[in-house]
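Working notes, structure below.
We just call them A, B, C, D, E and F in the order they show up, numbering each chain from 1.
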Amino acid sequence: MNIILLSVIVLGAIGLLGGVILFFIAQKFKVYEDPKIDEVEGILPAANCGGCGFPGCRNFAESCVKAEDLGTLFCPVGGNETMAKVASILGKTVEAKDPQIAVIRCNGTPEYRQRTTDYDGATTCAMESALYSGHTDCQYGCLGHGDCVDVCKFDAIYIDEKTLLPIVSPENCTACGACVDACPKDIIELRPKGKKDRRIFVSCVNHDRGGTAKKSCQVACTGCKSCVNVCKFDAITIDNFLAYINPVACKLCRACVTACPTNAIWELNFPPRKVKTDEPKKEVPKKEEKNEVKAEEKTIDLKEIAKDSDKKEE
Amino acid sequence: MTYILIIIGAIFVNNIVLSKFLGICPFLGVSKKISTAVGMTGAVTFVMTIATIVTWLLQKYVLLKFDIEYLQTITFILVIAALVQMVEIVLKKVSPPLYQALGIFLPLITTNCAVLGVAILAATSKDFGLMESTVFAIANAIGFGLALIIFSGIREQLEFSDVPEYMKGAPLALIVAGILALAFMGFAALA
Amino acid sequence: MASKMKSTLLTMSLTLLLITGIASALLAYVYTLTKDPITQAENQKKEQALSLVLPKFDNSPLEDTVKIASGVDTLICYIGKNNNEIVGIAVESFTDEGFSGRFSVMVGFLPDGTIYNTMILEHKETPGLGDKMENEKSMSISGSDTTWWSKQFIGKKPEFNTSESDGKKYAEPINIKVSKDGGEIDAITAATISSRAYCNAVNRACATYFKIGELKGKSGGKAHYVLILFLALGLFIFIFKKLNK
Amino acid sequence: MSKLVISQSPHLHTKPDVKKLMYAVIIALLPSLALSLFFYGVGALVVTAVAVVAAVVFEWLIVKFILKKEPTIWDGSAIITGLLLAFNVPSNLPIWIIIVGALVAIGVGKLSFGGLGQNPFNPALVGRVFLLISFPVQMTSWPTPLVNRGVYIDAITGATPLGVMKEGLKNGEAMSSIMQNIPSHLQMFYGQMGGSLGEISALLLILGGIYLLFKKVISWHIPGSIFITVILISGIFWLMNPEANADPLFHLLTGGIMLGAIYMATDYSTSPMSNSGKIVFGVGIGVLTMVIRLWGAYPEGVSFAILIMNAFVPIINKGFKPKLFGAKK
Amino acid sequence: MSKLKILSKGFIKENPVFVMLLGMCPALGTTTSAENGIGMGLATLFVLVMSNIVVSLVKNFIPDKVRIPSYIVIIATFVTIVDLVLHAYVPDLYKALGLFIPLIVVNCVVLGRAEAFASKNNVLDSAIDGLGMGIGFTFALTLLGAVREIIGSGRVFGVNLHLYQSDGMLVFILAPGAFIALGFIIAIVNKLSKKPAQ
Amino acid sequence: MLKTFPKGGVHPPENKLSADKKIITLGIPEQVVIPLQQHLGAPNKVLVDKKAKIKVGQRIVEAGGFVSANVHSSVSGTVLKVDEMLDTSGYKKLAVVIKVEGDEWEPTIDTTPDIKHEITLSAEEIVKKASEMGIVGLGGATFPTHVKLSIPKGQTCEFLIINGVECEPYLTSDHRLMLEHGEELLIGTKIFMKALNVTKAFIGIENNKPDAIEHLTNLASKIDADIEIVPLKVQYPQGGEKQLIKAITGREVPSGGLPIHVGVVVQNVGTTYAIYEAVQKNKPLIDRIVTLTGKSVKNPGNFKVRIGTPISMLIEEAGGLPEDTGKIINGGPMMGKAIKDTEIPVTKGTSGILIMTQAESKRGKIMPCIRCTKCVNVCPQGLEPYLLMSVAEKQMWEQAEKEHNMDCIECGSCSFICPSDRPLLDYIRFGKQNVGAMIRARNTK
């Protein structure tokens, strides 16, 4: 019995002493940290992607807690839902933002855009574009080495084997914008997802004069204004021989899509048209000369591929 | 026993990580960058030395006195846990950058067998007085640090190489540790 | 309050106190239960060793010991008796010259000074190399099978070269050395260090044993007295233990 | 005209590629190999052949079937690894042990890290030390040169000069009497002594080294600093007490110093990048070698010393950078 | 989560040694033979189960700040019990495991499970979790011990497989072999466990 | 021992195929394309409209700032358009396209072949002239010369170094210039000396041009200025200005610093000839000497070419584009830039056009770095190229900056020497771009 008592006393004393010392040290060296930071951080997706413009989720949480209002702060990954939760913790309000998604504004598959030189160097877009305009004659077009793919933390973008162009998968893309920053050609844009995920945009960023543009890529936007003319909502502007569809003004009427002579305008996630049902969304380039017929045939498969990939997006 | 022998023995001949297998978790975990390895070494040295001194006194003046040596494990670990928590609290206040760098590994020092292992070894060794135990603890911490820093250097370099997929991370780290242990066997019988 | 206690000084210290209290009580109880088995287990190996290195005895040499200082070391000698007659003395010797760490050996002498047998108590030599001098597998200590290595010591009688003894910690017999060093013992291949160390431990035992001889010669009666006293004590303890069970 | 190639400057590149560098090392090692064949006979032949073939075959098998990359055996590095492994073992080593050594050298020492150039430790030495610790008996019985050249496993064995010395000093013998059991310095210089099959002839190893220096395959920094450190340390001890310590020349000519310093410490992947770093590395190897030789359990420490310093290379690389042009003082 | 799942996950998918890389020290230090591996594994298993049970019992009564010390005391208690019992009744194993028995206290697996699982789940689940993890740990140690013993000395569980004429590959009994063997086992586990996912 | 820089360097095969080919003045093309931006620095403004009639030497583009340079028409004729045209940068950039009509020069220009020795302009006037006449450095960097001549306050120039090294393999334009226009060159040197107010000038020439060394030494001995001809060891990149300064004066331009920080200004021989023409003859920089060379080229040679001439015309002159052309390089093989098209115009920075066969244009297969340290040993800047490449591959820009990647002079010695054919400089450049952007962002903050 004696030994039991002794053990209890000794160990109890050590435990007690330890607890008391710890308590006092904890008091003395207390560091104040707003517990809300932890709370907010807990809600955030912990992707640490930097899409919010901060180095990591915790930094974002800190700024949210510090900020007067949350107007400029937005976590693209968590989206409105998360921001609403953050706001409720902090007793602040947020406006819902339109959900966005990355779109690729280049249409130039190898068939439409011939390779004119052999690039012999590191297979990154950044390095190729630093050296010269790229291995095609279009100096604006996608280089296809997938820098955008490499930076995407969400596996939301991949390079299609046939078109050699990137494709965004909507279920994964969080609109973090990493790919937008990574693309040296500024091809990727964050656009509102649109009603029912429907989007219409000009899939080209070529600023060259019509003729030059057309020569380097058959599906380039030539700045011909056909789309501007058919658009009833003044959603399209042309700047430097390149059309741009304002996503807010665009009412998704699809008039421009058929009007574009080079098929540079894309529509996504629309039901098939009544008239040209099973035909892919665009015709092959119409104003081609006869000897380009072969290209047209190839074009058709490509369209189907493009369509397939659209489906994949769904 | 001279101090020199204790030191050489603890650092090279019976390196705590490479030949005694203590403290492997932080060895594998905190060795990705040299800078964190250095920080960790500092923290471990501090905790290990103080812990050894305190536990040695405890062993000598409490446990042996009352003949309750069987409480060794539990009292030692309590002391170490309290110490680590103290270091953590103090570091958070005094040097936030170091605190951030060591991150989750500070609490891991509690569960670092090296600290408890050295404390037990020192307290149960017949030849060690307080001074020897202290030297022993510091030398072991240095041995731990040496292994950790060398190792983190190698891992930083391996970052740049094209390591086979399945070897990445722990497997390769263990193999490097194995080769290091192999190399350190050359010190056999030095002390 | 529903799920977690708040961290205040009171709750914190109370919880720690409570937990440590319960823990230590539990431990102390287990300790009392295991105390005797542990001492038994501790002694088991020595008992085994003694029965190997001494001729048949009927006393309990574990309780029949003398401590002999020889040079700087003090070794424990266990005295084996049959019918109250000393049949042999086992010396628990050690060396620090092994490949790694301390290395302790039990060496049994017949009263005439020849080695009856030797056995390793504890060592940290390399498995597969240094530990070959022990039985095939280090774990199973069955007293019967002796390796060729330890057989070499059986029946050896240490020969001292008296003129050389000064300057060393203790007198070294000249024959119990590995053959490389001019002795009669064949070293284990690739483990000369361990072999040397073993010889060293045995040598230390020899030196100590012969100290006993000297003691005997000088004041034999007293030693006898002491032995009887120890014997009585051992018997007493033995009976006490039996009764206690 | 086909499409123009666009690439960044420079548009010129040197001829000597990896393969040429590696083959130069092999050529430099050949004279020593020939001498070993002469001194040790079939044993040397069997051991070398097995080591080289095993190293190359393992490299091919592992790269092809486990890493699933293009086999890289023709760059010659596996041949060097096999050759140097063979050079570092006694000529009576059983075949299966050599094969284990080659597997460890290539599989553990090199390909685990991704192959050529990625390994932080010298593969041949990883294999060698692995064997030394696994099979201490077989790895430390050295056939006597010029005797029983027709016999492989059962050749008559003896000790290396370093082994004799260590044993002798341990028994308190004086250096002068130990030296009588050891070949003369001249014999050691051209290579008539016990030892691993490729380390014996300082003369031929130095010749090969000069060839490599001349071909700019290696630079003098590492071997030079190793030699100087060994001479300095052994010299100091020798001057202090010539009866208890061997002379510097003895230390330089025996054991693996020559082979290690010229061919193994200079291995690209496992040595520092800057010249100052190389000197630190060499001094480290010299010091560790002498520490192990003077106080350690092993008579020879070059292999361990190189491996240990290999581990320090990344840190040396951080601390010893080449001098920046226009660096601010 | 079904009970079976809790039990089985520690075996491979969340194996503490091979996958979570916890408790590496005993995994390396005590596995000179398969027998020792099993011994260490079982000792740890006992501590795991018991401490998981107790922690999940008392979890609500412990203030946050002294959570870790309290858990450690609980664990240390069971470790000391194991220590005493082994010392008394299996002295050979006790000798072989040596320092690593008290070190079960700091085995990250034990504290890790107490923190990560037992402090959040009910008693039964916690016990099962401890059992599963313990079995996984034991399995890992036994496997490693067996591999080292077979390669190192050509034996396993004391049976001589007659792989070698004389001695085995000593390295595997020693420290370097432990690291290398575990490294390759983990690489193989990585390879096997990642295959189906692709 | 010949002078050279202390560390690093390589010696690629020299292949100076056109070393003894006299400079041929090339005819005037039918149409020229004159890019607006032919220098390092601020962008320019166009002064002419479509359909404007212009003369040779007329200023058509105005400098957009101090660190910028005027551009003059090299031909007379009508402006066809101002449009984006592909130039040597590999991108389409704004350029003035002129249809050539006759060869009518601005009357202010002295077109006689006489050599004018007397320097009448003052130092300030010389600088102004350099700026007016659109002189930029012809050694490769096309840095506006008047900027270099305007020594900032607090700094003094002690030495002028004329860079006649021409260490690039194949190129011979500077060599020919020194041989054929030695006298003008020395006058140009004196002009620079006057502008910079220095009394000592060196002309550094690599030892593989003994004729030029001898010729200039002869001429210099007859002249009343302290101009010393310094023969240098043949070692690439001897012509890099930091290396050249170190070799000649023993001074080391500090990391991140400019030559003027050690009291030196370096000018290329071509620039020196241009300043002679500008100051003494009032002639803007409208033509330059270009070497057209390559192993497969029928008649390699040195040509005096009007700025804006398409490269295809040069190629025709040298015997046409060889069948198996794999690569066309604007500049030398070590630092030149591969171009996309033969219609690209010659600009102020074009020192040579090198045509490589398909076999020569292929890069070797990239192997892993074997850490042979050759790249470290050849780097004249004391960098660790292998590391800079790895760091750039992993995009660790902070570390790249710490490893001094901005100190790389892009000489390419490292990529040249690497036995594993690693594209070291490719990645180092990539790193420099990113680190540069990072530093700029930091400075503007």
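Basically, a contact is a pair of C-beta atoms (placed from the backbone, for glycine too) under 8 Å apart; a residue touches a chain by one contact, two chains touch by 3 or more.
Computed from a predicted structure; not experimentally measured.
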{"item": "Intersection of the contact lists for chain D and chain F", "value": "A, B"}
{"item": "Smallest count of steps, each to a touching chain, taking chain C to chain E", "value": "1"}
{"item": "Longest centre-to-centre distance from chain E, chain (CA-based)", "value": "F"}
{"item": "Which two chains share the largest set of C-beta contact pairs", "value": "D-F"}
{"item": "Cα-centroid distance, chain A relative to chain C, in whole angstrom", "value": "77"}
{"item": "Gap in Å, rounded to a whole number, between the CA centres of chain F and chain A", "value": "42"}
{"item": "Centre-to-centre distance between chain C and chain B (centres being mean Cα positions), rounded to whole Å", "value": "33"}
{"item": "Length of the line joining the C-alpha centres of chain C and chain F, rounded to whole Å", "value": "88"}
{"item": "Where chain C touches two or more other chains, by residue", "value": "12, 15-16, 19-20, 23-24, 27-28, 31, 99, 129, 193"}
{"item": "Multi-partner residues of chain B (each touching 2 or more other chains)", "value": "68, 70-71, 74, 78, 81-82, 85, 161-162, 167, 171-172, 175, 178-179, 182, 185, 188-189"}
{"item": "Overlap residues in chain A, where contacts from two or more other chains coincide", "value": "3, 6-7, 10-11, 14-15, 18-19, 22-23, 26, 116-117, 120-121, 131-132"}
{"item": "Chain-to-chain touches, reported pairwise for every pair that qualifies", "value": "A-B, A-C, A-D, A-E, A-F, B-C, B-D, B-E, B-F, C-D, C-E, D-E, D-F"}
{"item": "For the chain B and chain A complex, residues of the former touching the latter", "value": "58, 62-63, 66, 68, 71, 74-75, 78-79, 81-82, 85-86, 89-90, 92-94, 96"}
{"item": "Chain A contact footprint on chain F (complex, rising order)", "value": "83-84, 86, 89-92, 338, 340, 361-363, 423, 426-427, 429-430, 433"}
{"item": "Touching residues on chain E, where the partner in the complex is chain B", "value": "21-26, 28-29, 68-69, 72-73, 76-77, 79-80, 83-84, 99, 102-103, 105-108, 111-112, 171, 174-180, 182-184, 186-188, 190-191, 194"}
{"item": "Residues on chain E engaged by chain A in the complex (per definition of touch)", "value": "65-66, 69, 73"}
{"item": "In the complex, chain B residues that touch chain D", "value": "34, 149-151, 153-154, 156-158, 161-164, 167, 171-172, 175-176, 178-180, 182-190"}
